[in-house]
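Shared chain: chain A. Partners: chain B in the first complex, chain C in the second.
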Partner chain A sequence: MKKFMPVEELARDERFNQITQADRMADGRNALIGEAEKSRKSNRLTPARPDASEAARALMHGIFVGEIQALEGAGRTCWDFTTGEEAPFELKLDMARQAWDEARHVEISLKLSDWMGSEIGQYAENTVLFQAACSNDPVLRLAGVNRALEGLAIDVFTTMKEFGEIAGDPYLEFCEDWMLADEVTHVKMGSDWLRKITENDPERRKKALEFQGIVDKMFSYGGSRSDSEESSFAIARRFRELAGFTEDENDHIADLGMQALNERKAQLREKQAAVTN
Partner chain B sequence: MALTVTPDTYNFVAFDTAYTARIAERMATQLGLDDIDILLAINENSSLTRIDVTVTDALITIAPHSGALEDTRRPRQQSELNTTITIARGMLRARDRLRGGFADAPADAELTLPQAAAWDTYIMGRIAHMDIVLNKQAWVYNFRNRHGFSDAVDAVFEKLWNCESTTWAELSSLSANTVSVTA
Partner chain C sequence: MADPTKPRASFAPWDRRELPGSFSVEETARRVGNYKWAETKLFEVLGGWIATVPELDIKLRLGTHCYKHAWHAELWHKRLPELREMNPARLTVPANDALVRFVDAMTEPEDASLTIEKLVGVYRVYIPHFISAYTYHLNNTSEITDMPTIRSLKFILQDEFEDWRDGEMLIQSLLETPDHVDRAAAHQAKLEKLMLEAGGIAGHGSIGINTQAPQGALS
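Our next item is the complex of A and B:
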C-alpha cells in the first residue's frame, strides 16, 4: 500500500465534489461586508439566525467530511511511519484508537445529517483538513492534526452542541456532547506526544508549533472562527483548556482568527471594489 | 406582463440571466402570475440563501441572494433545481399576499422566526405537490427548530405541508398555538 498519499488521491465516490481552500477563498461574495454586514447583528451560528437551519446543515456536512479526513489522517499516521524508528508503537496505538473514534463520528454525523435533512455530498468538500495531515514528520502531523484540526473540532462541536441546546434538539445536543469529549482526548494525545517526542529536541518542537500556527490560521477559514461576533463560531476556551491548551495558546489562536477575519474582509473589499470600478 | 431579471452579467458567480428568465417565465405561468409585472433582482454580492419579496398591485419584486440559486456541490455555479425552488418560493409568497388571504400579513422583515417557518412550510408543501424534487426532512427540521421537537409539532407541520389553502390569520394562529404548547 502506498505511503504518504497526496490529498488529490483521497478516494471518494461520485456523490462528492472536492474543492481546495484556494477555491473557497477565490469566492468574492461574502457575508462579512457591505449589505450582508448591516443585515445581521451577529454571524454566530445560533438558532436566532434566520438562516439557522440551512447554516447548521451546511456545517454538519462540513463536520461529516472533516471526520472522514480526520479518520484518513489518523489512519495514515499509523501506516506512513516505521514503528519504533519514526514513530513509537504507543503513538500508533493512540492514532489507531483515534481512527476508531473518527469512524464512529462519521457514522454519527451521517445520521445527524439525515435528521437535519441533507444528503451525502450535498455540499462541496473542502480538503484543507487532510492537507494538514500530509506532513512527512509525525511530530508535525500531531501539531497539525491533533492540536490544530482537533482543536477546531472542539470549537465547532461546542457551537453545534449549544445550537442543539438552545433549539431544544435533543439528538444534536447529545451527539455533539459525546463527540466533543472524544475530541478533547484527541487534542490531549497530540499535546502529550508532541511534548514527549520533542523533549530533547527544542528545534523540532519549535518547528512543530510554528506549523500548528500556520494550520490554525488556515482553519480559521478567513475568520469563520474568532472571538468576534462576526465569526460563525467562537474559540471554546474552557474545553480547549481541558485538552491541554494554555491561556496564552488560546489567546494566540484567537489573535490568528482575528487576523484571518480582517485579512478576509480587506480581500473581499478589494475584490468588490475592483468590480465596482 | 413583463418579467425582468437583473443583473445582465455576473462578476462573482457563473449564473445565466436568460436561463433564469426561462425558468421564471415557466413558473409564473404555472402559478397564474402571468398577468402582473415581475422583477427578479439577484444579489450576486451575497452568498446568503435569503429571498426578499415585496409586492404592490402592479409589481412583484423577488430579490434572492445568490446562495439561494447556487449549486451547493459546486460553489458559484447555478443550480436549476435551486433556481426553480427559489423562484417558486418567492412567487408563492407574493401570490399569497396578493390573492391568497395573506394581505394582512406583516412585511417579511417583521415576521417572527416561527411565523416565517410556518409560512415556508405551507409554501414548500405546495412546491412539493407540484412534483418538484425537494428534501422534506430539511423543512421538517426548520419547522422543529422554530416550534419545538415533539410529535405534536410534527403533526402541525404535516397539516401545513399538506394544506391546499389557508389564510394568514389561520396560519399565524396555528404557529402561535404550537409555540405556546411547546414552551
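Our next item is the complex of A and C:
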C-alpha cells in the first residue's frame, strides 16, 4: 500500500455523494437568500429557527462524514510516516487512539442521525476535512487536523449540545457532551505535539501555525463560525482553553471567522446583484 | 478474632504458581522486542487501510482494532526497559527477514475491491500467529519472576481473541460466492507459506517447536 493517499481515492459505498469545498462554494444556490434568512436576527442553530429540524439533520450528517474523514486521517498518520524517523512512536500511539475515538464518533453520529430521522447519503459529503489531513509533514498534519479541524469540532459539538439542551433532547445532549470530551483531548494532543516537536525548530513551528491559520479559515466555511450572531457557531472559548488554545489564539480564530464572514457576504451581494440584473 | 501472631504458609494452598520458566531475561527481552515490532506493523497497516475500505462497518472495526494493537505495542515498549533494555528501539526489530517479507506481502493489498485479502491477511494469518506465540509464552514463562509479562500477555490475549473473532465474522460476511472463498484461501495460503519461512512472530521457536532451550532457562 502506498504512502500518502489522495482525497479522490477515499473508499465509499454507493450511498455517499462526495463534493469538494470548491464545489460547495461554487454552488449558486448558496447565493440565494430566502425570506426566512432575511428576517432572521441570528444564524445560530437554535430550536426556534423555522428550519431547525432540517438544519440539525444536515449538520449531524456533516458531523458524521467529518468523523469518517477524521478517522481516516488519524489512521493514515499511523501509516504514512516511518516510526522513529519521520514521526515519534508515541505520536503514532496517540493517532491510533484518535482513530478509535473517531470510529466511536462515527457510530454515535450514525445512531443520532437515525434518531433525528435522516439517512446516510441524504446530504453531500464535503471532503475538505481529509484534504487537511494530507500534508506530508506530520507537524502540519497535526496543526491542520488536531488543532484546526478538531478545534472546529469543539465549536460544533458545543453548539449541538446546547441545541439538545434547549430542545429538551437529553439523548442528543448526552452524546454531544461525550464527543466534546474526546475532541478536547484530541486538540490537546495536537497542541502538545506541536510544541514538543518544534521546540528547537521555530521555522517549522511558524510554518505549522500558518498552515493551521489557512485550515482554520477554510473551516470557517464562509463565516459560519465566529463571535457574530450571523454565524451558525460560536467560538467555544472555555473548552478551547482546556485543549491548550491561548486567549490570543482564540481571538485570532474569531477574527479569521469574521473575515471569512465579511468576504462571503460581499460575494453573496455580488451574486444577488447578478441575479437581480 | 484471628490470632495476628499465628504463622501462615507463605503460599496459600490454592496458589500453585511455579518458579521455573523457559525464558531468561535476555530471551524475554528479545521476544518482547519482536512482539513490539510485529504489533507496531499491525496497527500501522490497520490505520492505513481504514481509508481504503468502502464497507462502513469494516472501516469502523479497523479503527478500533488499530488502537488495540497500538496499545499492545505500547505495553511491550514499556516492558523493555524493565528487562534491562534501556534503548527499546534496539530490540524493536523483526524476528528475521522472512517476517519482513510476510509483512510486506500482507500490507500490499490497497484497492477498494480487496477487502477480503486485507482481512484474511490480518485475521486468518497474522493474528492467529500472535495468539499462538503469546499463548506459548504465557504457558512457559516463570509464573513468579515474570509476572509483569504474564499480566500484559493476558490483557493482550483477551484483545487478540476478540479481534480474531470480529475479523473472522467480517470475512465470513464478505464471502458471498465460491470465487470469494477461493480468493480468501489462495491469499491465506500465500501468506501462510511466508509465515512458515519466518517461523512465527518471534521467529523459529515462537511456539517452542524447532528450537532448543535458550541459554539461561530454568526448567
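Quick note on the criterion: the second predicted complex is superposed on the first by the 267 of 277 C-alpha atoms of A that agree within 3 Å, B and C clash if a C-alpha of one lies under 4 Å from a C-alpha of the other, contacts with A are read in each partner's own complex, and residues count from 1 in each chain.
Simple rule for what comes next: a residue touches a chain if its C-beta (ideal position, glycine included) is under 8 Å from a C-beta of that chain, and two chains touch if they have at least 3 such contacts.
Keep in mind it's a predicted model, so treat the numbers as computed, not measured.
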{"item": "Simultaneous placement of chain C and chain B on chain A, clash or fit", "value": "fit"}
{"item": "Contacts of A:C134 with chain B and chain C, given as first, second, both or neither", "value": "neither"}
{"item": "Contacts of A:A103 with chain B and chain C, given as first, second, both or neither", "value": "second"}
{"item": "Partner chain(s) touched by A:L10 [first = chain B, second = chain C, both, neither]", "value": "second"}
{"item": "Touching partner for A:P47 - first (chain B), second (chain C), both, neither", "value": "first"}
{"item": "Partner chain in contact with A:G75 - chain B first, chain C second, else both or neither", "value": "second"}
{"item": "From chain A, separation angle of chain B and chain C (C-alpha centres, steps of 10 degrees)", "value": "120"}
{"item": "First, second, both or neither for A:I214, with chain B first and chain C second", "value": "neither"}
{"item": "Touched partner set for A:M116, first chain B, second chain C, both or neither", "value": "first"}
{"item": "Distance in angstrom between the closest Cα atoms of chain C and chain B, superposition on A", "value": "18"}
{"item": "Touching both chain C and chain B, counted on chain A across the two superposed complexes", "value": "none"}
{"item": "Chain A residues within the chain C interface of the complex", "value": "1-2, 5, 9-13, 68, 71-72, 74-80, 83-84, 89, 92-93, 95-97, 99-100, 102-104, 106-107, 120, 130"}
{"item": "Contact set on chain B toward chain A in their complex", "value": "11-13, 43-50, 66-67, 72-76, 113, 116, 135-142, 144-145, 148-149, 182"}
{"item": "Chain A partner contacts - residues on chain C that touch it in the complex", "value": "40, 43-56, 59-64, 66-71, 73-74, 77, 89, 107-110, 112"}
{"item": "List of chain A residues in touch with chain B within their complex", "value": "17, 19, 23-24, 27-31, 34-36, 47-48, 50-54, 57-58, 114-119, 121-124, 167-170, 271-272, 275"}
